[in-house]
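Before anything else, here is the set of structures, which you'll find just below.
You will see subunit A twice below: alongside subunit B first, and alongside subunit C after that.
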Partner chain A sequence: MGNQKLFKGSLQTIILQLLASNEKMYGYEITQKVKELTKGELNITEGALYPALHKLEADGLLDVEVANVGNRLRKYYKLTENGSKETANKVSEMQEFLRTMQQLVNPKFSLE
Partner chain B sequence: MEITKEQLTQIDNYLTICNIKFEDVKKELVDHFASILEIKLQENPKLDFHQELENIHKNFGENGFKDLLDEKTKSVTKQFYKQSFLELQSFFSIPKIILSLALFFGLWQLMQWVVDKKTFFETLSFILIFLGFRLLFLVNIRNSKKVSFLALDITMNFFNTFYVCVMIFNFFVRFDKESFLNPVFIHTLLIAFFLLALFYWCGEYVFYQKKKYVEKIYQMKNL
Partner chain C sequence: MELTKEQIEIVESYLQNRKVEYLDLKVEILDHMILDIEQLMSKNHSFENALKMTTIKWERHFTQRSSFYFGMLYSESKIVVDKAVKEFRSYYFLYLAAYLLPMFFLKNSSIPFQEQEANLINNLLLSVTFLALIYMIYIIIKTQLSKQKSTYRFILKTQYIAVVFLIIPLLLGGFLDHKGQLSSIFMSFMSGGVMVTYICHHFYKKHQAVVGKYKIS
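On to the complex of A and B.
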């Protein structure tokens, strides 16, 4: 399993990106989707996920919908209009960060 | 394998023992626990249910649900003040600014009409204290409800903020009579009163909007 600390700062971006491609999701579904996409490499703990979701909701980036599922209520999260814009910003920031890190950890050697 | 009603009650009771008293937090956690347990019960129907509840609980970190509750409280409070200030801001933009100007002009006229300015501001201070007590009364009513929602648990915090502002206002109202002959001083106090009264109204308005929203999404009435 990879270093979870490295992923910690990217949690909000991960959540936003997942919601951008899945319309609406609930907490447990997000943890499972991340596990599936990363082939078990990244495991989002509940202690980190829910506070992040609540923060994004309070910041107006996520909207909630509560639906009856079987014999209980389920809270779904979906992106607001601002959330969609913020996702694009955060993803492009992340890509820029990854490019910079790539240059730092794996600099190309030149004969010049 | 869908979880039974009895098992849901067990999860609910477990969360209550773990100090999760707010329905909005509890409902989300019940679903989270149930989703995991449904899969685990499918794999092993003879699963030790209570032991598994504790295992899921451990995934929330060393502090259990504390971090989640702290973060949610912080988010709810931040959201409440943000919405209240946006509402307050709307009183200074078209079209509400017309109403604000009319109200302020009415208040200003009243101040001009009253000869004893100190008594006038003492009355305004009394009105603010009365509003503070009203909030405190509402805190007791709202906190005594059987079903409570963290999203609505902001009245005490709002009362504290409002109370501090009222006390600062009251401090200036206690200045000697001569200070009330200074037009800058009395106009500043009048603006402060006007803003505080609007802030109170906005806080209560946002609370009732949130209440309506919570009632709608959780399909509940008269929270």
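On to the complex of A and C.
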């Protein structure tokens, strides 16, 4: 999709928000959930997903849990306490950004 | 459609050939690739075809590269180095500060010591350096003996060279220059060496945590 670049800067917020509503998720599941929620509009590649997940993990916002699923291991990501607080901040920043963009792009129409 | 044990082994051996052996990455990449292949097979692709399509997609993440943060001697798959840099970057600047600040401070100021005080401080610093060296050697032996690899073990491997900072002042007998004052160079060596010991301690604990988490298989 042509607007992938616009989504790129919001990837961490998208991941945090998904984990806030789903408790724990694995990489592939995140890509599929995003595809489903955006009706195929946003396709997160593994090249974008894993660096973002690893950054959030390194920053202490995500914790990892490993579980046996049939014939292999699966790595799940979940929010830490700091991660939950940061999600609220990032989502609120995102909403503020969207309001500002809306005013710039279409001043007659407001989200509020 | 679920992959058979034999098909999963084929995917695993592909990752092994690409040197993706680090536990914390291998598990999630293998899982993702298997799910990619299963999805393609559910659209009537053969296993061989689906494997080919999936490996083409992942191949660029497995090219060998090195990083400024670890030095050109240490190269690994792009996905490993990228993760290691994210974990290590802030510690790199901590290490630089520990190395450069004593040099800057002692070059621009002189702290006069009586002979007895100087000897006491020298002995204290030698003890700290000796203990840090012993702990570094312990970490090196423990991680080398560990059969499991993690991104943190890769980071540790790149830091072992810093034991030289601890060995030099010990070999030369102390931290005092010919005037009996603290040597800025040796103090920087000690400070940098002790900081690297702390950094290695941090990543050694993380490596142990990863090995513990993935033991459930």
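In this section, the second predicted complex is superposed on the first by the 106 of 112 C-alpha atoms of A that agree within 3 Å, B and C clash if a C-alpha of one lies under 4 Å from a C-alpha of the other, contacts with A are read in each partner's own complex, and residues count from 1 in each chain.
The definition used in the following text is that contacts are C-beta pairs under 8 Å (C-beta built on N, C-alpha and C of every residue); 3 or more make two chains touch, one makes a residue touch a chain.
Keep in mind the model is a prediction, meaning the values are calculated, not measured.
On the shared subunit subunit A, the superposed partners subunit B and subunit C overlap sterically. In the superposition on chain A, contact of A:Y28 is made with both subunit B and subunit C. Contacts of A:G47 after superposition on the shared chain: both subunit B and subunit C are touched. Judged by the touch definition given at the top, the superposed model places A:K78 against neither subunit B nor subunit C. Within subunit A, the residues touched by subunit B in the first complex and by subunit C in the second are 26-28, 46-47, 50-51, 54-55, 58, 64-66, 69-75. By the touch rule above, subunit A contacts subunit C in their complex via residues 26-28, 46-47, 50-51, 54-55, 58, 64-75. The residues of subunit A lying in touch with subunit B in their complex are 26-29, 45-48, 50-51, 54-55, 57-58, 60, 64-66, 69-75. Residues of subunit B touching subunit A in their complex: 2-5, 8, 27-28, 30-32, 34-36, 56, 59-61, 63, 67-68, 70-72, 75-76, 78-79, 217-219. Those residues of subunit C that touch subunit A in the complex are listed here as 2, 5, 8, 24, 27-28, 30-32, 34-36, 57-58, 60-61, 79, 82-83, 86-87, 213-214, 216-217.
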